[in-house]
Amino acid sequence: MKNKSVKSINSLLNINKRKVSRKKKPGDAPGTLVHTGERVLDNILVTVHDYDDHHFTSLPIKDVGKLGPFLKKETKTWIQVRGLHDIDKLKNIWNYFNLHPLVQEDIISTNQRPKVESYSDFVFIVLRMLSPNSANEKTVSINNEQISIVLGSSYVITFQESDSPIFDPIIKRLGVDNTRLRKLGPDYLTYALTDCIVDHYYSLLYTIDEIIEKTEEAVIANPQKYHLQQIHSLRSDLMAFRKSIKPLRDGLSSLIRDESTLISDEVKIFTRDVHDHLAQVIDTLENSREMVYSLYDMYMSNLSNRMNEVMKVLTIIATIFIPLTFIAGIYGMNFNPESSPWNMPELSCYWGYPAAIGLMAAITITMIVFFKRKKWL
Amino acid sequence: MKNKSVKSINSLLNINKRKVSRKKKPGDAPGTLVHTGERVLDNILVTVHDYDDHHFTSLPIKDVGKLGPFLKKETKTWIQVRGLHDIDKLKNIWNYFNLHPLVQEDIISTNQRPKVESYSDFVFIVLRMLSPNSANEKTVSINNEQISIVLGSSYVITFQESDSPIFDPIIKRLGVDNTRLRKLGPDYLTYALTDCIVDHYYSLLYTIDEIIEKTEEAVIANPQKYHLQQIHSLRSDLMAFRKSIKPLRDGLSSLIRDESTLISDEVKIFTRDVHDHLAQVIDTLENSREMVYSLYDMYMSNLSNRMNEVMKVLTIIATIFIPLTFIAGIYGMNFNPESSPWNMPELSCYWGYPAAIGLMAAITITMIVFFKRKKWL
Amino acid sequence: MKNKSVKSINSLLNINKRKVSRKKKPGDAPGTLVHTGERVLDNILVTVHDYDDHHFTSLPIKDVGKLGPFLKKETKTWIQVRGLHDIDKLKNIWNYFNLHPLVQEDIISTNQRPKVESYSDFVFIVLRMLSPNSANEKTVSINNEQISIVLGSSYVITFQESDSPIFDPIIKRLGVDNTRLRKLGPDYLTYALTDCIVDHYYSLLYTIDEIIEKTEEAVIANPQKYHLQQIHSLRSDLMAFRKSIKPLRDGLSSLIRDESTLISDEVKIFTRDVHDHLAQVIDTLENSREMVYSLYDMYMSNLSNRMNEVMKVLTIIATIFIPLTFIAGIYGMNFNPESSPWNMPELSCYWGYPAAIGLMAAITITMIVFFKRKKWL
Amino acid sequence: MKNKSVKSINSLLNINKRKVSRKKKPGDAPGTLVHTGERVLDNILVTVHDYDDHHFTSLPIKDVGKLGPFLKKETKTWIQVRGLHDIDKLKNIWNYFNLHPLVQEDIISTNQRPKVESYSDFVFIVLRMLSPNSANEKTVSINNEQISIVLGSSYVITFQESDSPIFDPIIKRLGVDNTRLRKLGPDYLTYALTDCIVDHYYSLLYTIDEIIEKTEEAVIANPQKYHLQQIHSLRSDLMAFRKSIKPLRDGLSSLIRDESTLISDEVKIFTRDVHDHLAQVIDTLENSREMVYSLYDMYMSNLSNRMNEVMKVLTIIATIFIPLTFIAGIYGMNFNPESSPWNMPELSCYWGYPAAIGLMAAITITMIVFFKRKKWL
Amino acid sequence: MKNKSVKSINSLLNINKRKVSRKKKPGDAPGTLVHTGERVLDNILVTVHDYDDHHFTSLPIKDVGKLGPFLKKETKTWIQVRGLHDIDKLKNIWNYFNLHPLVQEDIISTNQRPKVESYSDFVFIVLRMLSPNSANEKTVSINNEQISIVLGSSYVITFQESDSPIFDPIIKRLGVDNTRLRKLGPDYLTYALTDCIVDHYYSLLYTIDEIIEKTEEAVIANPQKYHLQQIHSLRSDLMAFRKSIKPLRDGLSSLIRDESTLISDEVKIFTRDVHDHLAQVIDTLENSREMVYSLYDMYMSNLSNRMNEVMKVLTIIATIFIPLTFIAGIYGMNFNPESSPWNMPELSCYWGYPAAIGLMAAITITMIVFFKRKKWL
C-alpha cells in the first residue's frame, strides 16, 4: 500500500524531471548536434503556412528546397517543424536560413532554459510548453515540451518536439480573413504563439491550485504520511515551474526595451501584455509556494495535535487507574492480622470493603474533575 | 462542530479566491472579449459627470452617441460605467474612445494584475478595490472588485463591476464649487479616484490587524485546531492582498517618473503621495505577515507546552504510585512463612503493616520533594 | 498570574501600536485636515528661535502675524511648534508659509511613514521620534511621536505632537556663540535636529538589546510560557522599529544626491554621516531580529529538552518497577500447591522469598547499568 | 557502525573543503608566492599547442625560452601548464609574459574565488573544475581543482593543478582541420575551455540530484540518524558548489558587456551561451537546495510520525490492560468476608469469577471499538 | 556545572559585543569628542615612518610640531598613532592635518560602521581589525579594534586603539629596499594596510569553521543543552562579523569606481584584489551561517531522535510486562473455589501454574517478534 501512494505521487505532476544532463560530452564543440528529447515522432513534419492580407495557404512540404517560393518578400511565412529526431533534415532547414550553430544546438537540446536572444537578422526564443493533459482523471499528466521560435524579417520558424495540437487555434485564426493576425507581420504571429503558450500556464496554475486545495482539505481532516510526500512533490513542481518561466519574463522585458527593428512598436504593446501575464503567473506561483509551506506547517501541527490527543488518553487512563490499583494492592497484602492489632485491621471492618470502593470512587471523581478543569475531557 | 469552524474560516476574508483561470481559451486572439466577472448588474449603468470651474452636471445616459456634447474641449468629463456583462454596449463606448483591444480585454477580465500602462493618447490603470463590507459582524465579507480607469486628455472613464457606492464621496466633492477637484484637470480626478481606493486598503489593514490580534489572544489563552486553519487562511489572504497592490506601487512610481503630458507636475506631487501611502500599506502588510508567522510559532510552542504539561501529570502520578504499588505487591506475595523463617517474616511483625505504610509515605514525600526541586509542581 | 505577565509584556515596548487607520474617510479630499494624534497639549506652543552669528533670541509667540520681523533675510529662524490639536492655529502658520495641502495633511496625520520630500521652495521631512523614557524601571515606556520638519531657504519649522524636551540640547547649543550651528544656515540646523533624533535610536537599540539579553538568560535558565509572548512582542517591536526608520534612510540618501540648493555641500557631508548612523542602526536591528529568531529556536529546543527530561524520569521509574511488580504479582498468585507439585513450589522453598527479593535486586541493578550506559542517569 | 556511516558521508562529496585559510601570512606583500595546493605533480609539465587554419603542432617543452618561435604573430598558441609546485619554473613563464604579480599570486593560491579580470593586455580568468570522478562507485570523489586562464592577443595560457585529462577533448578537436576552433582566435579557444568546464558542472548536478533522490527514498522508507548527517552534508556541498560558480557568472556577464578588443563579437555570442548555461546550473542548484530543505522537513515529520506510532502502541496496550489489572487487583484484596456481609460477597458468588472475566472482556471490547473509531488501529 | 558551560560560551568569540550606544548624548554637536573605547594605553604612541625609494626612517615623536620636516613633498610619510584616550594630543594631530570634525568624531567612536569616505583632500577609511588571538587554547579571545586610516596626497595617518603589533609586518617590509611598497605612493601603503587587515579575516573564518566543525561532531555524538547556546552564540558572532565587513566591501567598490586622484590606477588594481578577498570572506560567511542553521536543525532532530529512543524503551518494557502483570493479577484474585465450580478452577489444576507461566512466555515472545518487525529492537 505504501508503494501505491508513492507511485500516485510520482505521477502527480513531475514538471521537474531533474534531467539536467546534457548529452553532449564535456569538451565537445558547440553546435555538436545531439538530440536530447525522448519522444520521437516517426517522421519530421514540416508545414508551411503562407499568408498575407488576402491569401492563406497551409500545406505540408517534404523538401526544404521547395520553401523558396513562399519566402518571397510579399507574403509572410510560418514554417512549423514538428519532431526533432532527424538531425539531417533539420540541418537542411537550418542551413537554408543560416541559423547560428548555437541556435541549432539549443533547438534540439530540449532541456534549455527559456531565453530570448537577439541575433543580427533574427530573434531566437526558447519557451517551455506546460499544460495539464487531462484534468478530469486522478493522476494529472503534464504535456511538457520545448518550443523554439525563430523570428526573421518575413518568416517565423517554430520547432516542436511532438505533434501535439497546441498551435491549432492559431492556425484556425490564420484562416480567418481580415484579422490583425493576417494584417500584421511575423512579429505579431510570434506574439500570438507566445501568448498561446502563456495562456496554458494559467491552466497549469489552476490545476496546481486545485491539488493544493484538495491536499489542504485532506490534511485538515486526516493527515497521512503520503501527504508529506505530496507536499514534497508540490514544492519540487512549483520550483520547476518557476524555473521554467522566470527567465522568459526577463527575456521578454529585454525584448520590449530592445531597439530591434524586427518587432514593431505596435506588437511591442502586445508583448508587454504577455509580459504582464507572465508576471501574474509568477506572482501566483509565489502565493502557491507560500501556501505549500503553510500546508507543511499545518501537517506538522496536526501531527503534534494527534500526539497530544494520544498522550491525553494515556494520561487520563493511567492517572485514574494507577492510584486505584495501588489501593487494591494495599488490601491485597498478606500482613497477618493475628500477630498484631495494627496489621491491616481494615480487612475485618464491617464497612471495610465498601469504604475501600468508596475511596476509589472518590479518587476517580476527583481526577475527572481535575481533567475537566484542564479541559482534557 | 469541526465543519462549523472550517466554514467560519472559509468566509473569513478570502481575498485570495484563487481564480487565476482565464476564460479566454489559449490561442484565442488578444482582445477576445469574454467577461470573467461573477456579479452581474441587470443593466449597465453609464453616468456622465461633466464639470469645469463653474458648472457641474451629472446625469445617466443610455446612448453612447449622446456623449458628444460633453466631450467638448472646454469641460472635463467623467464617464462612470458600472457593470461589465453587456459587451456590446461596452464596445460602443470603447470604439467611441478608440481603446486598444488589449485595454478592452483587460477591462472585462476581472482578475487582472493591477497595472499602469501608458498608451499614446491615454493612460490605462487597473486597480483592485478591496474593502471590508461590515466590520461589526463576526464574519467579514470583502468587497473585492476590479476598477479600470482610462485617463484621456479631457476625460476619465471608469469601469466598475458592480454598482457599489465607492466613488460617491468623490461625486459629492465634485458637487462643491471652487475646489481643487473642480479646478484641476482629469488627471487630478484620476488621482482622487485612486486615492479613494488606496484609503480603503487602510480599512482592510485595520480589519486584518484586528483579526490577528484576536487570534493572538485566543492562541495564547487556549490554542485550538481551528486556529491553525485561521493562521493558514491569514497567510493566504495576506499574500493575496500583497499581490493585489504591489504591482500598483510600481506602476505609480513609473507614472511619476513618466514624461507623459497627460499628468501635470502639480498632480504628480499628489500621485507621489498615493505612492507613499501604498508603500506604507505594503510595509504594514509585511509586518502583519511577520506577525502571522510569529503566531504560528506561538501556536506550535503552545502545543509543545501542553504536551509537556500532559506528560508531567502522567509522570508525576506514575512515578509516585508505581513504586508504592510495587511494595504493596511484595507483601501480597504468598510465600509460605511456615516453610522457612526467611519467608516474609515481616508479615507477622507487630509493626509490619504500619512500617509498610510508613515506607510508602516516605517514598511519596521524597518524590514530591524531587518534583518540587524540578519545578514540576 | 497569567494576566499579569501578559500585561507586563503588553507594556513592554509597543513601538508597533498597529494604528494604521487614517481618520480621514476614504474619498475625502487630500489635505482634509483631521488630527490623528492622541496626546493633546492644552495649548499649541509656538516658539521662535532667531539667530545669526552674533545674536540669538528665543521667545514664545502667540500671533503668527508677529513672525514677520524674524523672517527678515539676514537672520535664520527656527519656528518650533508643539501640539497639533488646534488646526485653526496651525492653518495660520501653514498659510503664512504657503505649505502644500499634502504637507499640511501629513503634519497632523501622526502615523505617517517617514519621508523626505522636495518641494519647489522647501524640503519636507517626516521622522519618528523613538526613545525609551526610563530605562531603570521594569516596564519600559517609549516616547513615540512624529516630528515634521519644513526646511526653507532662511527658516526651519518643526512640528511636534507633545512638549517633550527632545530638542532642548539643540536650543542650548544655539545659545552658545561662535559655533557651527550659529554660523551655518538652516540646513545645518535641520541636520542637527535629525541627528538628535537618530541619536535617540541608539538608546532604543540599547534598551532592546538589554531586553533580548535578559530574555536570553531567562530562557536558558527556565523557559516560561510568557517568554514566548515576549519573543512575539519583540518580533513585532523590531518590525515596527525597522518600518519607522528604513524609509528615512532612503529619503536621506536621495537628499544627499539631490541638487537642491537648499542644502549646501558642507551640510551634505553631515547628512551623509546621519545616513551612515541610520544604516548602522538598521544593521544592528537586523542582528537583533536574528537574535530574536534564535531566541525562539532556543525556547523551542529547551521545551524539547524538558520533555526529554520528563520522559526519561518516567521511563526510568517505569522500566525499573514494572518488571519488579510483575515478579511480585507472580508470587501473589493463588495456585493451589496442594493440587500439584508444579503449582508454585517456590512459595514453600526455604530460600524462596530471599531468592525473589534477590532477583528483583538483580533486575534493578541491570536496569541502572543499562541507563548509565545510555547516559540517562 | 556509527563511525562508518559518518565516514561514508564525509567522503560523500566534500566540495566544501572549508579551507579558506591563505598560506600567505597577513601583511605579506601581494604577489608573495606561496603555493597553497595539495596535489603536487612530480614535474611541472608545459605543453605548447601551436595552431592556425592549416597547421597544428603539439609538443612538450622544458625551457620557456623555446616559446619564442611559437609566439610569432601568425599562429595562435596555447601554453598548457600542469602542476603548480615549482614556483621558479612558473616564474620563468610569468615573467616571459609579464603577468601582474596579483595574477601570479592568484594562479598558485588554489582557493581563489572564480573571477574574470581585465588587464591592459590580457584577460585573466579563474575557474573551479568540479566533476564527479566515478559515479558508479558508492562513494563519489570529486575532481576539484582550480584552473587559471590567461588570454592574450595571440596566445592562451592555462594553469592546472594536476595532470587530469580534462582538456583532452579540446586538444583532440584542435587536431581536426577546418573547424571553427582552428579558424577563430585564442578568444574562441578560451571559450571552448570554459565551456568544457561548465559542461562538467552538469555531471556534478546530475550526481547531486541522484544522491538527493536516493536519500529521499531512504528517508521515506526508513529514516535513520545518518540521513540527517547526509542532509547536513548536502546543504554544505550545495552552498560550496554555488559559491564556486556564482561569481563566474557575474564575471562572464561583465566580459560580454566589456569593450575589450581581446574578445571578438563573434565569440561574445558563444560566451553568452556559456553564461546562460551557468545561469541554468545555478537555477537548478537553487531547486536542489529547496529539495534538500524539503528533505529535512520530511525527515523531521517522519520522526514525529514514528513517535506517534510508538505512543499509540503504548497507549493502546496501557489503556486496555490498566483497567483490567485494576479489576484483578480488586478481587485480590483480602477483606474478610466473615466479618461483614458487605466484605466482598462477590468472591463467594456462584458466577463471581466468570462475571469478573466477562467484565474484563467487555472493557477490552469497548476499548478496541474506541481505538477503531479514533483510527488508531 | 551549568554556569561553567555558559561561561565558556560567553567567552567563545563575542565579536558582537552589542555595544551600539554612543557616548555622545543625543543633541550634542557633531564632532563632540568622547572617546568610546575601553582599552586605554597609558600613553599615546605616535611613530613616524618616513620613506621613499632610497630612504626609510622610523622614529617615535612626542611633539606634533616636529612632523613638519617629514611632510616635505619629496618623501612619503606614515604617521602611526596608537591609543585614543588623550583627546588633547589627538586634537593636535587632527588640527595639524585639518581633519573634518566628523572624521575626528569617527576616529574615537570605536563602534563605527566600516566606511570609506572621500573628502576633498583626503580619503578616510574606517575598518575593524578582527583576529583570533590564540587558536591553540580552549577559549578563543578576539582581538577586536577599530582602525582608522587617513590617506592624503603624500601621507597616511593610522589610528589604532591599542599597541597590538598588527602592522609590524608592514613596517618590516618598509625596511626592505627596492620594493613596490617603497616605490609607490601612500595609496599603495593604504592598500597594504587594508590587505593586512583583510588577511586576518581569513584566520578568523578559519577559527569559526573549526568551532563549527567541532560543534558539529559534538552534536552528532551527544547533543547537550550548552550546544544550543553555542549555536546561538555562533549565530550572533557570524551576524556581527558580517556587519563588520559588509559595508567595507561596498566602500571599497565605490573607491575603485571613484575618480579620486588620490588613488592611482595601478593601486586600484590592487584595491580590486582586496575587494575580491572581502567578497570571498563574505561568501564563506554565508556558507558558515547556513551551516550553523543546519547545525540547529541537526540538534533539534537529535533531540527528537533521543525522545524516540526513550519512548521506545518505555513502550517495549511497558507493553511486554503490563499484560503479564495482568495475568498474574488474575490468578491473585481470591474468588472462592468452594462456592462454585466456576470460580477459578485453574488454581487447582495440575498444570495450572506451568500453563500460566507458559502463557506469559508466549506473550513475551509474541511481543518481541512484534517489536523486531517494527524494527524497534
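Labels for the chains are A, B, C, D and E, by order of writing; each one numbers its residues from 1.
As a convention for this text, a contact is a pair of C-beta atoms (placed from the backbone, for glycine too) under 8 Å apart; a residue touches a chain by one contact, two chains touch by 3 or more.
Because the structure is a prediction, the values reported are computed rather than measured.
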item: Minimal step count in the chain contact network, subunit A to subunit C; value: 2
item: Shortest contact path, subunit C to subunit D, counted in steps; value: 2
item: Residue-number overlap at the subunit C/subunit E interface, same or different (half cut); value: different
item: For subunit D paired with subunit E, centre-to-centre distance based on mean C-alpha positions, whole Å; value: 25
item: For subunit A paired with subunit E, centre-to-centre distance based on mean C-alpha positions, whole Å; value: 41
item: Residue numbers of subunit C (touch at least two other chains); value: 300, 304, 307, 311, 314, 318, 322, 325, 329, 332-334, 344
item: Neighbour-by-neighbour ring order, given that subunit C leads and subunit E comes next; value: C, E, D, A, B
item: Partner subunit B, residues of subunit C touching it in the complex; value: 6, 16, 18, 20-22, 24-30, 100-102, 112-113, 115, 117, 119, 222, 225, 228-229, 231-232, 235-236, 239-240, 243, 247, 296, 299-300, 303-304, 306-307, 309-311, 313-314, 317-318, 321-322, 324-325, 328-329, 331-334, 344, 346-354, 356
item: Subunit D to subunit A touching residues, read off their complex; value: 131, 166-170, 172-173, 179-181, 192, 195-197, 199-200, 202-203, 205-206, 209, 213, 216, 220, 269-270, 272-273, 276, 279-281, 283-284, 286-287, 290-291, 294-295, 297-298, 300-302, 304-305, 307-308, 311-312, 314-315, 318-319, 322-323, 325-326, 329-330, 332-336, 339-340, 342-344, 374-376
